[in-house]
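Letters A, B, C and D mark the chains as written, and numbering starts fresh at 1 in each.
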């Protein structure tokens, strides 16, 4: 399946899991072996996305192919691809619960085994950064480089998630909102019980290695 | 596409984003070049709306064309069109989170970059006003005239949003509920971090000008 | 349209508005001119309801027509029809927010104009009552007879709503959950502003009379 | 209908009631008269489940039939079947509200008649247990053996539910999330009223016996 088709189709997952409203969220995927990535066009609704209307950009975020302008978040995606060579997919959303943690500038504590599996610990907060230059991209990379978490809560803004490919980045965005919501709900009526660091490490290690070698859950 | 079709179709967005239950919400759109607007008929469910059963009113809210009575909120829509010549679309909903802020008579503070982009600051509260005369329309116009926000929380009532056309007003209604929910959730567990006024101004300016000149997000 | 078809179809509204899970909610409608009503069969999922598998009961709740047993809540519906001759429809749900107010035994205060329109004031609480005899029916009738509200929050249980026909009772159930949710959300972050009793009376009077004489909203 | 088809189809109920995201939840069903059970394959999305791609395991959790690896939660399902001969179905989810109670290690108190009917009292908490051996299965069995509740909140993890067959276990998972949510919402604004133990017993007895002998609700 072409990266154009994969990226176009994956936007349906953002809609299915209520991570986006209107056109406020986007998926991109690196084209293997080239310094290019496919991203959502700006101002096109999720219902209308097709492999054909996706746009292709180089790693400086310049439009290479496509009739529409690329997503207004393209610079941030490009910065991540330029600076994290192992990343093959990037997702951006303003999903409700994750953005609420981001509005308070508060990391999501790891109090669920599913968080330990997927994120290996807390989901961290990145800096407040304005759109228009590389500030957002820098904030993402500084926060996630060397961190187990594949998602970052950009302060007062929303979520960026990364993965080895676009599908993995979408999975991280979906799981991020899911755990953001569950931990929020848990904390509304008291303090969640902590999971010992050793157990978090064991769960993460198993999920990424032993388990991961067989097949994705 | 005719204004009748545009207005009929846009009601599906209110349903899609869960902004309405039963028949309690409506969209209208000004007919370009005429002192008329198209609005939802009263008592017709969202499933049954068609270009043909939309109704046309003059700017005093009198029925000009249509077999059904116009929405019971027509007077408020008409007052806005009469007094805000640049407004081409009006939307009314009782969407949950926005109406909750309205029930407390509390403006939604601008703590998300998406709010700064779309609303340029807080979403303000309008007065408590009874249906039956121009009170609601006056409250909307007094609150929104000269204000950056395209949405107003009418106290103890719900949301009215405006735009250059019906689609823009629907977008404002969708974004209003989205940020009302996210800021509500953020505040449930503490205080969201403020965004400096300078940064709000910069974001709003960019989104409305630089960004807007290319294409809608 | 036959009462069987009306009642079968209206269950889809309970599903659409997320008022029910599994098979835990039911609609009934009086057959005009006869001492009979149509009600959901027990243990049939919402997907499988048809005019043909609805069951007909007399006003003592005895099965008159149908191959399935009637809903386990039939005795309560029957008691209402026996004791409130103007009621033509009854709905029962465990919808989340209304049931949460019911679990605390707390009436929903009238702080939204939509509540004043539809319910004319607060939505009251009925007694704790066990299934198995007329206790639930009695609790409903004692609470709603002479009350403006068309819905009652049965303590620790859920909602019963009534109307001139089955559709009106479903509308009351939908609006009850909608206002239960909005007022809940409002109160999570402070106290909603009260609406003066005079204004509640004016809104209710207009909605039930002036407005009602034209057409339903 | 074959157990393969029943189990494949029942996953749609987890999706319908929003109990799962991505692939994080699974249903299994015992094959009558054999020491085998059918379970979801690992890493297959809910949209793609068919009777044919379900997998069959023995009661030690070894794969007996199927081209995919069984769910990563298979050991826990197998332990339950091995140690609770009356159990014919097992379901695992991370549904939001139930998992929030689990994150705090707090049982859900029985303050709704629907809980008394289905669970006969509180929904209990099981121990924190790591995946990889029989710890999770042991925690489930220790908690549920001899308990009225058909669901257990595994600490910091999620829900396991059981039933006489797969459908009953799915019903328990659906009802568990429903009451977890309603009781959570109730407690957000105060303390729910308790239901006297005698009344809980009467409701449970009626629902399981008198009522159950006629037909399922």
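Definition applied: a contact is a pair of C-beta atoms (placed from the backbone, for glycine too) under 8 Å apart; a residue touches a chain by one contact, two chains touch by 3 or more.
The model shown is predicted, which means the values in this text are computed figures rather than measured ones.
The angle of the rotation carrying subunit A onto subunit D, fitted on C-alpha atoms and rounded to the nearest 5, is 90°. Homomeric contact subunit B/subunit C is classed as different-residue, with under half of its interface positions used by both copies. For the pair subunit C and subunit D, the distance between C-alpha centroids works out to 31 Å. For this pair, subunit B with subunit D, the centres built from the Cα atoms lie 43 Å apart.
Among all residues of subunit B, those that touch two or more other chains are 188. Annotation, chain-chain contacts: A-B, A-D, B-C, C-D (touch as defined at the top). Every residue of subunit D that touches subunit A in the complex is listed here, in rising order: 21-24, 42-43, 68-69, 71-72, 94, 96-97, 99-101, 103-106, 128, 130-132, 155-158, 184, 187-188.
Against subunit C, the residues of subunit D that register as touching in their complex are 17, 111-114, 171, 174-175, 178, 181-183, 185-186, 188-193, 195, 199, 202-203, 206, 211, 214-217.
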